[in-house]
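Take a look at the structures below.
What follows is chain A paired twice: with chain B in the first complex and chain C in the second.
Now for the complex of A and B:
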């Protein structure tokens, strides 16, 4: 881990326009190493747009994104794993034709960008690395309660399990920043409570920062070190969970005009 | 009984060729969502390259290996220049592109090598191999069976156990997720075409000694391979390969046991395609693809 005084991730004056619509309007925020940052806001606030821009699936109209002080603006999505940025999707995007193990394996295999053809030739080194990778993945799978279904296909798995598989795949790339897009969506109360512990545990064990987009406000407030609130593409609050929860503009965004 | 065994081996031998062509179809289908109608013509073009090399006194096996390499590179260029620009186009446009590719490659082969039917040398000895007292099989039939078997095994091993194989599978499965785990999807798509063309080249040089070589040679194998791929499931590499073998055996049995069967074996393949699409569109091992829109 390189410490050069820069935040892990810094977003500067980010603007994204789709045609005439301003989806993100001068968003600036910072995430520090091993910090859990909650990102809240009503539907259409621009949270997922920001996510997609951070993982370089979208390009911003202006503004800059820096990882440990270096811009990632010119890079593409395939470079993000090597920069230590991993994510999950709101609607889940697993490799449907692969087993659970293979899905997580993809996370571990390509983040480092080593020669893809090398493993056909260098047997001994490959076998050792393969054993290490396997051990690491099996650890991730047991941490996420997936070890028993390692060799099952994705098609047979329910929504909650799929979310954990995506979580494991993102972690397998050894990210410094893990972006979770609505991890609690579609989960029952018990599963949400479990997720709470899991996010903290993962932060502590893998030394990652977490950017958490979530509608489930209780979860965000409990688990986050800091919370950023957005509405209509703008940042309306940034602070400790209890500060943001009481912020008049946040109340207005969530509860309507008369509440504030 | 001996006659049946003989037909079975002949069927498996041509089935092996359909199996690897079906595999090539599946590889392109999984990454583009379309059947590469030009797959047969690409294989024929490759076979003409091998033929030219043989005319230049290059020994047959080096000629085959060189042809596979040239086909691999050629298809990567083809994907980049012709297919890629239409990656996001409507289905109908993509089908038109594939039909155009089919006609262009067909005509180009005709223009370069003309339409005269040419003999193509077998990569194996011309004789027969005696398996039992009264059962002897042509060396080419057995050699072709072993070759396609080796290709199927190698491809299976490659996709199952190598990092590159995993990357190719991932790229064909989900573009966004592949990019986010660090896979360069556009490189993988091009490599997929290269592999499919290399496999097609092997199919071409194995089939040409049997059917002789001319620009129209690719159509019948393509229909049989497509029937095999659909029967086994066009989303399942294993299913498609098995389907190809089944179609090959079916073709041999119909030719051998049904009066005039040899005249309408292509009809059997087309009927098989129709019945699979009517009864079980996903095929034996394929999955029904549903997509959130």
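Now for the complex of A and C:
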């Protein structure tokens, strides 16, 4: 799984403070190509903070984040798609007035010519690029079972479908790392099982690494190659799923003092 | 028929609508353009002036609709850019004897310069704050135009009368016809630009920024650039509209650009229908030019009460304005209502 020595994503001693509160305290972790890394921890452990820092919506107080050996610290959220980092949102952040197709298109647009002249003159090269993108997106939509509703608005879609649309939108950017923020939240048992298959299928077909931030421990333990556990802004365990599950500090964080 | 019932830039719209409806949409656009051109020979004198006036407001409203409808930024001050365009055209004609049909180009350049200067700081503001800041522009404009400081160029309180030459004799057009044709030409140009932009990736950037700025950034949209482009495009359209209005009236004066003009443009966009790229602004322009005259006839002295009442009624019946009503009627008349609702054609944008 390792390529040319550098991990796909490397987090080094990341510290984030909000005022006097230390939200992340010297977090370090690595994600390798095509690896599924589960990130667990109780509420307030700092998972979402780390996630938002990785997508450059938050800035760290100190520490560094490297993608394939290159720092992304100075970059903004709008540069992440081009660096191969895609994400979904915990509370779903689709563009409500666009159709399903258009939403997924927004995931692909960063690599397309979106200049004023491209839109106005709509020349042969631009048309070809847009037609190719359309084909790729339609393929993506059929893989995720969304092709039939390509033309529908988001407003008509239920929660589980919206999650799939966000998935498709993130994949349209051809990311090498897909970050999923609580993808199982709000899903019923059967939908969670589908999600499990979907995550593996996506990893295999699109050759992406996945960072899975999730409350649903069963899901994380089943799909992850490796699991990192956090509590109070600190990393408390990092290893294979069964190792982390049995780790005394993880048990304490989840079940309380006596369990350990 | 509604002109914007189908998408033009095929690849960016969902694929189904393309094959069936595109030729019809093209036909509709072509027929509408021809009708506007043919009106040159049908309308006369005052009618041509009214039509020119409506179309020049429609150009301004098209631009403002991109800013307010597609990009979701509220401006109550675009009358200022309308005034800048009008005065730029007037000075071009008065001082440099520029042919009137070229003045909107110069006015557009001047307007965009002003828009860029004002937009840079203004675009840090959002929502009601941007609305108030732009409203400040609208309030300041008449005073600046009246000021002695620029009176040598602007004509001060008196304003400028414009001597406009009709098209060359071989064209066989009188002055009203020449002006009207030029206005139609610019209207068609802006209709084309607006459609291409809102149907293209710029339109996606505008809508994404409006709907969810954080997700827009995460998708790689440059939110600041999207906002700036929408603002500059709206300013361009308003200054070109203003230039054409000055040409049609053949006169500019500070009192032609009170802050109420900005409110009128705002009204045209919202009453016409947000996010209806062509039909909305056109209907909105008809509304702000014609309805005050009609209400004056209904109740002399109380016409603004009637006008205000009509605006309230339209918003209560259909928040998506006149274009929304037209879409509703069209839906009733065709058998495809269900399918259209399903395919999301009735969505707000």
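Just so we're on the same page, the second predicted complex is superposed on the first by the 245 of 260 C-alpha atoms of A that agree within 3 Å, B and C clash if a C-alpha of one lies under 4 Å from a C-alpha of the other, contacts with A are read in each partner's own complex, and residues count from 1 in each chain.
Simple rule for what comes next: contacts are C-beta pairs under 8 Å (C-beta built on N, C-alpha and C of every residue); 3 or more make two chains touch, one makes a residue touch a chain.
A quick note: this is a predicted structure, and the numbers were derived from the prediction, not measured.
Student: Quick check on the chain A-based superposition: chain B and chain C, clash or fit?
Tutor: Superposition check on chain A flags a clash between chain B and chain C.
Student: I want to verify the contact counts: of chain B and chain C, which reaches more residues of chain A?
Tutor: C
Student: Look at A:81 in the shared chain and tell me whether it touches chain B only, chain C only, both, or neither; answer first, second, both or neither.
Tutor: Both partners, chain B and chain C.
Student: For A:152, using the defined touch cut-off, is the partner it touches chain B, chain C, both, or neither? Pick first, second, both or neither.
Tutor: second
Student: Is A:138 in contact with chain B, with chain C, with both, or with neither (first, second, both, neither)?
Tutor: second
Student: In the superposed arrangement, does A:109 touch chain B (first), chain C (second), both or neither?
Tutor: both
Student: By the touch definition at the top of the document, which applies to A:124: first (chain B), second (chain C), both, or neither?
Tutor: After superposition on chain A, A:124 lies in contact with neither partner.
Student: In the overlaid three-chain picture, which partner chain does A:21 touch, first (chain B) or second (chain C), both, or neither?
Tutor: A:21 sits against neither chain B nor chain C.
Student: For A:91, select first, second, both or neither according to whether it touches chain B, chain C, the two together, or no partner.
Tutor: Touch status of A:91: first partner only.
Student: Which chain A residues are contacted by chain C in one complex and by chain B in the other?
Tutor: Chain A residues touching both partners: 55, 57, 76-82, 87, 89, 93-98, 102, 105-107, 109-110, 112-113, 116, 119-120, 155, 169, 173.
Student: In the complex of these two chains, what residues of chain A are touching chain B?
Tutor: Result: residues 55, 57, 76-82, 86-87, 89, 91, 93-98, 102, 105-107, 109-113, 116-117, 119-120, 155, 169, 173 of chain A touch chain B.
Student: Which residues of chain A touch chain C in their complex?
Tutor: 55, 57, 76-82, 87, 89, 93-102, 105-107, 109-110, 112-114, 116, 118-120, 122, 127, 130-131, 133-134, 138, 150-153, 155-156, 169, 173
Student: List the residues on chain C that touch chain A in their complex, please.
Tutor: 9-17, 193, 196-197, 199-205, 207-208, 211-212, 214-223, 229, 342-344, 347-349
Student: Sort out for me which residues of chain B touch chain A in the complex.
Tutor: 30, 162-164, 166-167, 169-170, 173-174, 176-185, 235, 287, 292
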